[in-house]
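In this document, chain identifiers A, B, C and D correspond to the written order of the chains, with residue numbering beginning at 1 in each.
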Amino acid sequence: MSATTADVIIIGAGAIGSAAAYNLTKKGLSVIVLERSGYIGNGGSSRNGGGVRQSGRDPRELPLAMYGVKNLWPSLSEELGMDVEYYQRGNLRLGKTEEHLRILRGLTQNANECGLDVRMIDAAEAREICPYLSGEVIGASWCPTDGHANPMLVTLAFYRAARRNGARFITGCEVTAIQKSRGRARRVVSSTGEIFEADSVVLVAGYDSNAVLASLGFFVPMSPLLMEVLVTEEMPPMFYQMLGTAMADFYGHQSSHGSFVFGGSSGYEAYNRNNGTPVSSSITAPSMCRAVLGYFPALSEAKIVRTWAGWIDECADHVPVIGLTDEVPGFVFGCAFSGHGFGISPVAGMLLAELAAGETTTLDVSAFAYDRFKAKI
Amino acid sequence: MKRYDLIVVGAGPAGLSAAAEAAAHGLGVAVFDENSRPGGQLFKQIHKFFGSKEHKAKIRGYDIGAGLLREAEGLGVKVYLNSPVTGMYLDREIVAETDGAVSHYRADAIVVATGASENMVAFDGWTLPGVMGAGAAQTMMNINRVRPGSRVLMLGSGNVGLVVGYQLLQAGCELAAVVDAAPRVGGYGVHAAKLARCGVPFFLSHTIVKAEGETRVTGVVIGRVDETWNIVPGTQKHFDADTICVAAGLSPSTRLLLMAGCEMYEPVPGGGRLPVCDEFTGKTSVQGIYAAGDVSGIEEASSAMIEGRAAGAAAAAELGYISGGELKARLDKLETALASLREGMFAPKNRGKVFVKTDEGYDISDSLLRNGYLADGEATKYPGVKSVAGIHPVIECTQNIPCNPCQDACPKGCIKVGTNIVSLPAVDEKAGCIGCGMCVASCSGQAVFLVNEDVGGGFATVTAPYEFLPVPQKGERGVALDRSGAPVCEAEIVDVRTSPSFDRTFLLTFRVPGEQCSRARFWRREVRRFGRD
Amino acid sequence: MRLTDHPILGRPDRGRVVTFNFDGGEMSGFEGEPIAAALRAAGVAVHRYTKKHRAPRGVFCAIGRCTDCVMVVDGRPNVRTCVTPLAEGMCVKTQYGAGGGELGSSAAPEAADGRATDEKV
Amino acid sequence: MVVINDRSRDLGPFMPADDDGLIICRCEEITKGEIRRAVHDGMFNLHEVRRFLRCGMGLCQGQTCGRLVRSIVARELGTPIAQIDEATARAPMRPIEMSVFAKEVEDV
């Protein structure tokens, strides 16, 4: 591999880009990863709640999530040589009203139809699983095989392992265009005019993918949603389930370190303004605190030490775009993960690597094809 | 949402000045501070300020703070105490925590005056209880009124280290040493001299090797550093101490400015980011947001107060409360005052430069920079030190620092600084000194003495400023100490003066043998080697 | 360690004397002064022991920034004692690790199932 | 400042040093040696070192150690310190209880 040529170029060094790089290096392929920001995992990869969930997924996405939980997550720390703080302690999705339970039953039924073990439990059983629930909780859905991991460590672990295997990561390198050469996507041009060349190009750049896609004449219908996360001080070990609610007003977990990580919203995420960096809104963290304390009053004295915001690449139909296209051979889509990319990042990395390597994919990705977006009538 | 014309974050010298200035122009102003009392660092600063009259020179920090607070509150400024600002959001919105709840506020302009925080140096044992910031020690003794320890070693010879070191002595602590890895004293020589003549040793080109102790500091080992900052083998020295203070400089507390999206830059690599802003009004790259005081660059509180005024005036103009012409007139006046503080060898623009001569061409004392005191015989090189008959001031002020109260204090015109306040004071031996002592009490650096070289019987008298307890009594016998704190002779107190205009500085006059009058600069009660046989 | 007089600041103007509990023993201090000041006056230097190295820590910045002086106050861990005013009857405890407090000492099933000890790192 | 940073460039072997055991992040008890090793492991800036080791992610949020960590990272990389970005500033400026943050009141 010379300085600017490789078998595969990956644009975007988030969790999925780094996972793809790792998988490609394991296949013996040379990889260059180009990242616009100065940091590995600068986007949603280090700004999410860490859920490794199957429950609550779109049926199209569920096979990916289930494959990952069954085959990849349990051994990920060992595979990558560092602890990524994966906990398979189940997912509690909580309800306080009959209306909530109705929603939970619907989600449970969908999951069951796809073969996932999710069941409705009553308040007593929920409290047995997690004794800190408020008295207002009247029931929950329970998926025992769900869990969570530390997204920052997962991203850095894939990066570290890929780098050790020889993948060349370049940060601070903004890609402005992908160009075809001899009928394939081969050339990647940076803002400083540098040209990188490969046999395949994988684009995993979150919402910003559209700016690069334009150079190939592509557009993915997605919009940036600002989502926020808050982190508490280190708390004594309390519970390690992944948590959510029927109303999706917050989600989160307690980390290895002891801090709680909660994501959530104020309801105005689609309308937040952008001052160039994702800035947290003044009303979201208080809203999340009220939501969390409604379910976990024991956390009322937990001190928040940090909040952060990140953009979600929310797809028009809420599932990602993964795959090849006949229009431009050699080009691989990997974007619009819609805020649930982290839990499937090891799988997505595996699939993108298979696509880039010209292999048959382990799982069917046809549901995520780029050309699925059609006018409604 | 509650809305103010101007919100000021931080009730220190810059913040209160900005608030008072803006309120005087008619703005509705609120100030938020996380502390239970306003004033920022001013209430910890018990020394007299430098500068000139317009900078409130020779007034102690806490009195300046009290005055600013009265002024601001008199103008209707709302001061929110115990109210940390938790964040600054788009369009000049802040969220503040008060009484167990948060509230949202918006302002048409915001002055961020969040000050600075102490830098830390890591060394073996630096996490032990007893190692603390110099500012922490200052807070404990001057605000909480508790001694931080009994025997303290100070790391850092900048003004913070020197001033806090002196305050530790005033609080009754022992100061084991002042240690600095730099080869020269970083702060004002006059501050160093105050410590040295009390017997505090200076170890320049030294740093802490380790703090000793199991559950708290019991001792310190220091060692000399070479040019590459490594410890030279065999140079280690041990001190008994229960406290180590670290005065390693300050970093601007810029987090709110960062959160607001203000453009930043880093003038000194590794020194920390500063907001890109007008160096006078503090106007940042974000519309309506100003930075004033240390958060826009570390300077003295005197400068911070002027920057605060300028920011307050600029906000008033931005919001239409004063015209452009009025703003210009106001700023011109403030700018002149600020410019005079930003002159001299300690000016922000001269940071890191090594001066070997004063503006006037006098050599800077090497001994002062390495040991903290002028060597014997050196003082007479300077224009403030003259040998004349009768009582006269001796001004051991040998660096260009912005300060002139001595000139204003003398009713007889014996002392000339001139219009440039960083000039060295010169004594006019022809003007008739009456020995009133106003110059001695007015000198914020305690560098002025009254000397009468011949009071008869082969004796001389030296009058020195004294700010310790207990105050000696007339007739008490003790020893005179030289500039290094070494005893030079027996000395009897012949006069102790105090006056409201001296502002808690006592003037001790002690009698020494005539030949010692150029060396004796301090008095100590204990009679040791010079006890009567 | 208390300053009873000072050449510049004079005699301190203190609040009323209150009693509080420190690690099971009774102590007194002045109402409204930082908890850390009352402890310092009583000669207490160690506020907590850290989680990893069990190393002692005390007051470091004294302005609420560094969080080294945190203790368990009235059952709440991680209270910054340098900026928290002392009140009558407060219960102040040396903090060990993250403080545990009431939460950690209760028989939480997750804590009991070995989670606390199967930390990988 | 975003600079082009090739993460595969050779930093040379990790050289153990006498002061590797020195605590740098007081809150999370992270040592100088851990930080230096993290750099050799590819963590080329403050953000990644923080995420990798948790240094600067404790109760004080790196307000005490940030400057120290930055200089260690720069030295280990042999990079001018100006090229090592400081940490991002995030709310809240001081730790705040969830119950307090949850309670929004209108000041009148």
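To be clear about the criterion, contacts are C-beta pairs under 8 Å (C-beta built on N, C-alpha and C of every residue); 3 or more make two chains touch, one makes a residue touch a chain.
Just so it is clear, the model here is predicted, and its values are computed rather than measured.
J.: Kindly work out which chain lies most centrally, taking the average of its C-alpha atoms as its position.
T.: D
J.: So using the touch definition from the top, which pair is joined by more C-beta contacts, B-D or C-D?
T.: By number of C-beta pairs in contact, B-D is the larger.
J.: How many angstrom between the C-alpha centroids of chain C and chain B?
T.: 31
J.: Would you mind pulling out the distance in Å between where the CA atoms of chain C average out and where those of chain D do?
T.: Their C-alpha centroids are separated by 27 Å.
J.: Just give me the whole-number Å value for how far the CA centre of chain A lies from that of chain C.
T.: Centre-to-centre distance between chain A and chain C: 40 Å.
J.: Could you say which residues in chain B touch two or more other chains, in rising order?
T.: Residues 34, 87, 95, 102, 104, 117, 127, 259 of chain B touch two or more partner chains.
J.: Among the residues of chain C, which are close enough to touch at least two other chains?
T.: 51, 55, 57, 60-61, 64-65, 68, 78 - these are the residues of chain C that touch more than one other chain.
J.: Provide the list of chain A residues touching at least two other chains, using ranges where the numbers run on.
T.: Touching at least two other chains: 233-234, 280, 283, 286, 301, 303, 307.
J.: Edges wherever two chains touch, nodes for the chains themselves; is that graph a line, a ring, a star, complete, or other here?
T.: Here the contact pattern is complete, since every chain touches every other one.
J.: Considering only the defined contacts, which chain C positions touch chain A in the complex?
T.: 51, 76, 78, 98-101, 103-104, 108-111, 115-116, 119-121
J.: Report the residues of chain B in contact with chain C in the complex, numbered from low to high.
T.: Contacts found on chain B: 34-36, 46, 60, 62, 117-118, 127-133, 135-137, 139-142, 144-148, 170-172, 214-216, 467-469, 471, 504.
J.: Along chain C, where are the residues that touch chain D in the complex?
T.: Those in contact with chain D are residues 50-53, 55, 57, 60-61, 64-68, 70, 78, 80.
J.: State the interface residues of chain D toward chain C in the complex, per the touch definition above.
T.: Within the complex, chain D contacts chain C at residues 23, 26-27, 29, 58-60, 63-64, 94-95.
J.: Give every residue of chain B touching chain D within the complex, in rising order.
T.: 1-2, 34, 84-87, 95, 97-98, 100-105, 117, 119-120, 122-124, 126-127, 251, 254-256, 258-259, 266, 269-270, 272-273
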